[in-house]
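These notes concern the structure reproduced below.
We just call them A, B, C and D in the order they show up, numbering each chain from 1.
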Amino acid sequence: MGQATDTLREAVFRANMELAGSGLVMGTFGNVSGVDREADLMMIKPSGVPYDDLTPAHMVPVSLASGEVVDSDLRPSSDTPTHLELYRAFGCGGIVHTHSEHATTLAQAGLPVRCMGTTHADHFRGDVPVTRPLTRAEVEGDYERNTGLVVVETFREAGVSPDEVAAVLVTNHGPFTWGHDAHQAVENARILEYLARMEIRVRLVAPDARCPDVLLVDKHYLRKHGRGAYYGQK
Amino acid sequence: MGQATDTLREAVFRANMELAGSGLVMGTFGNVSGVDREADLMMIKPSGVPYDDLTPAHMVPVSLASGEVVDSDLRPSSDTPTHLELYRAFGCGGIVHTHSEHATTLAQAGLPVRCMGTTHADHFRGDVPVTRPLTRAEVEGDYERNTGLVVVETFREAGVSPDEVAAVLVTNHGPFTWGHDAHQAVENARILEYLARMEIRVRLVAPDARCPDVLLVDKHYLRKHGRGAYYGQK
Amino acid sequence: MGQATDTLREAVFRANMELAGSGLVMGTFGNVSGVDREADLMMIKPSGVPYDDLTPAHMVPVSLASGEVVDSDLRPSSDTPTHLELYRAFGCGGIVHTHSEHATTLAQAGLPVRCMGTTHADHFRGDVPVTRPLTRAEVEGDYERNTGLVVVETFREAGVSPDEVAAVLVTNHGPFTWGHDAHQAVENARILEYLARMEIRVRLVAPDARCPDVLLVDKHYLRKHGRGAYYGQK
Amino acid sequence: MGQATDTLREAVFRANMELAGSGLVMGTFGNVSGVDREADLMMIKPSGVPYDDLTPAHMVPVSLASGEVVDSDLRPSSDTPTHLELYRAFGCGGIVHTHSEHATTLAQAGLPVRCMGTTHADHFRGDVPVTRPLTRAEVEGDYERNTGLVVVETFREAGVSPDEVAAVLVTNHGPFTWGHDAHQAVENARILEYLARMEIRVRLVAPDARCPDVLLVDKHYLRKHGRGAYYGQK
């Protein structure tokens, strides 16, 4: 494999180590992948290897088209088929899965992370949706792949753009986030957890609190994203 | 620019780094400014520059009167017009804006930080108010400036002195705090977050808890502030 | 005592130090034991010795059959009779007792850690049960032994396998966890605390949240445990 | 002053630094004192001096009988009269005052720390009481002294022994703890905060949870305290 693959391997390794240092995962929970669409390769963490032992060489290349492992003796993360379906449906370059405490709490509660303020709107243009539960057939069948398909269905049916809301909660399971690359997907995992912490407390302390006007949400989202953005340096 | 400006630049840089180390901000969230009223200068963090990269030279001088950037190629924080309006209306020397978790939770809930005990009264003489939501016209117009104006309106209409209560929650957004200088404004941001943590829990565990008598609030506030203060060394 | 005993002594010492560094205990709270069934020996932390002072030589060997201390002048943990009853009834190799904050909160509330999602199901096949309170006679009699017997009764009456759910909450007291060895028992104590944190928040934020289908629980548990497991490397 | 005074000065200094490192205080909040009853001396932290600047020489000696500062130009903690009243009424050797987050939350809520389990009973034989609010006359009069008198009244009227329950919550204010010496008083402040964290969560997650039988409380308390104790080494 070539130079581009080595760069991806290194970037995915680094993003996995960022995740390990983020406080969002314990033990071997969690995984990060990145994609090189031209090379038809997804690179992902191996299954069940402690973060302390990981090196770039452990990252497992998988064909985006076929789902087959390419040139590696290691098993990829057991969530690999979920990542593949998200890459196939969404335009992102990196994906993260965690069981981070507060986002997972909301996933277990079957509740979305509502957009209750500008901290949220600075990053995601509206609520972070929660999926429906998988059916028994979906669990008994190709479970990990079906998890990805249910995420895709959730965005399609709600008319939400995965480019503008780069996160989801899978009911009774936990969050997935994505971004332009593996690093940004980890950043979004951090932000999602931060928003989930606030969302849980707002729900408890003010069950009737109202979401801000969509104009405020758009104001903050568009301050940072898109052609009219004026946040940051030129 | 002269000696006084360098001193301000250094102080505002240091206060921004204090904020970065305080646990109150993540990523590039948050900003600190300071003012030199004689020189007509506000000094503020640049927009969207990671804390790790900041140096004193990055601090952006802005004219307090005109709002124009003075001798810098960097964009000031996008919240600059909010800071300017607060300096124009209040007598403070430093201002901090964060999205600190618990203060922001209350801002998203539309709830003030009530003065429920002596920890609060040692620092702020009464409730930390929460603003009304901005109107659609205020969001669509000069949004950041209007944010500052709504804060000023909140204090004026409630008859609260910004010298005695050096903090506010902007609804669906987050807290601003201020002080004699940038450093004290950061200290107040820390204290506000501490008080917000307790306020959320008091509301949950004892929804009917009563505020202490105003005499107790005054006793503690005046132990530490004003001519009769007897806290600390002479 | 022989080589195997030294190995056990060292392993139990290391697991106690892991526990001390885990954030699950404060002061001298908590204890870890391990067992060598062939040698009829349980090795356990001494009572009330600060973690900073512990060495392998402090670990106290106790006969599994008789409960007598073997070749040591130190008193074993006061919870020793509880550990002994669990080893006699369950097939585990290591046991941990903590007063970890969130698991103990649920024990004080008399509530189980329900299996609300895949984080739980990855480790425990169903709810972590809570015991009934001990009777007055059980408290006044052989209290620590009766604590163990009530745990055993809890699993037997609920038809739960201690191999598949390696944790329990003792009402008004705190958690015990176990595993193949002392190290794994500590890992399970960490995971139980993580699950307890989420369980408390789910109960607060969504009192009516529904447990996932048993198929999903089995899917995740069996992905990691037993003959069909496909998580981790071969 | 003699050798015994130097020893007390050093012990009180060290206990103040333990408190600073405990996470229970922020800024200059909190103070620790110790007493030498034979020498009629209480030693206490000076008022408003940052923990980073403290040395043993800063500790302020105060006459237990007269309340006068002895041989020091520094002002003692503003809470000095409260400490004095507690030493006069209780038999303790050290006292700590904090605004630790969860104990203060309960103080603001006007709620005791109920004895809900063995973690509590291992340290305090029953509920940690909360005082009545001070009257307006008590606030306007000798406020800090009256705070101590209200604590003493609380124990006397409830028939609670300050030797067996070495902690109190002052309504709308915060906790005081005590012990055989300044170090043990700090340990009790840590334990109180731990218990307060659990108490708040138990109240939220199980409002109707029942306190354990007094037999269980006594069993655990007496395992560790008094003539029949069998916890720890001989």
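One rule holds for everything that comes next: contacts are C-beta pairs under 8 Å (C-beta built on N, C-alpha and C of every residue); 3 or more make two chains touch, one makes a residue touch a chain.
Computed from a predicted model, the values in this text were never measured in an experiment.
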Next item on the list: Superimpose the Cα trace of chain B on the Cα trace of chain D, which carries the same sequence, then give the rotation angle to the nearest 5°.
Entry: 90
Check: Between chain D and chain C, is it the same set of residue numbers doing the touching on each side, over half shared, or a different set?
Finding: different
Note to self: As a test of understanding: of all chains, whose mean C-alpha position lies farthest from that of chain D?
What the structure shows: A
Checklist line | Interchain centroid distance [CA atoms averaged], chain A/chain B, Å | finding: 33
Item checked: Centre-to-centre distance between chain D and chain A (centres being mean Cα positions), rounded to whole Å -> 47
Next item on the list: Would you please write down the residue numbers of chain B that are in contact with two or more other chains?
Entry: 204
Next item on the list: State which pairs of chains touch, listing all of them.
Entry: A-B, A-C, B-D, C-D
Note to self: List the residues on chain D that touch chain C in their complex, please.
What the structure shows: 116-119, 187, 190-191, 194, 197-198, 201-202, 204-206, 209-210, 212-213, 215-216, 219, 223, 230-234
Item checked: Partner chain A, residues of chain B touching it in the complex -> 26-27, 29, 46-49, 74-75, 78, 99, 101-102, 104-111, 133-134, 136, 139-140, 143, 171-174, 200, 203-204
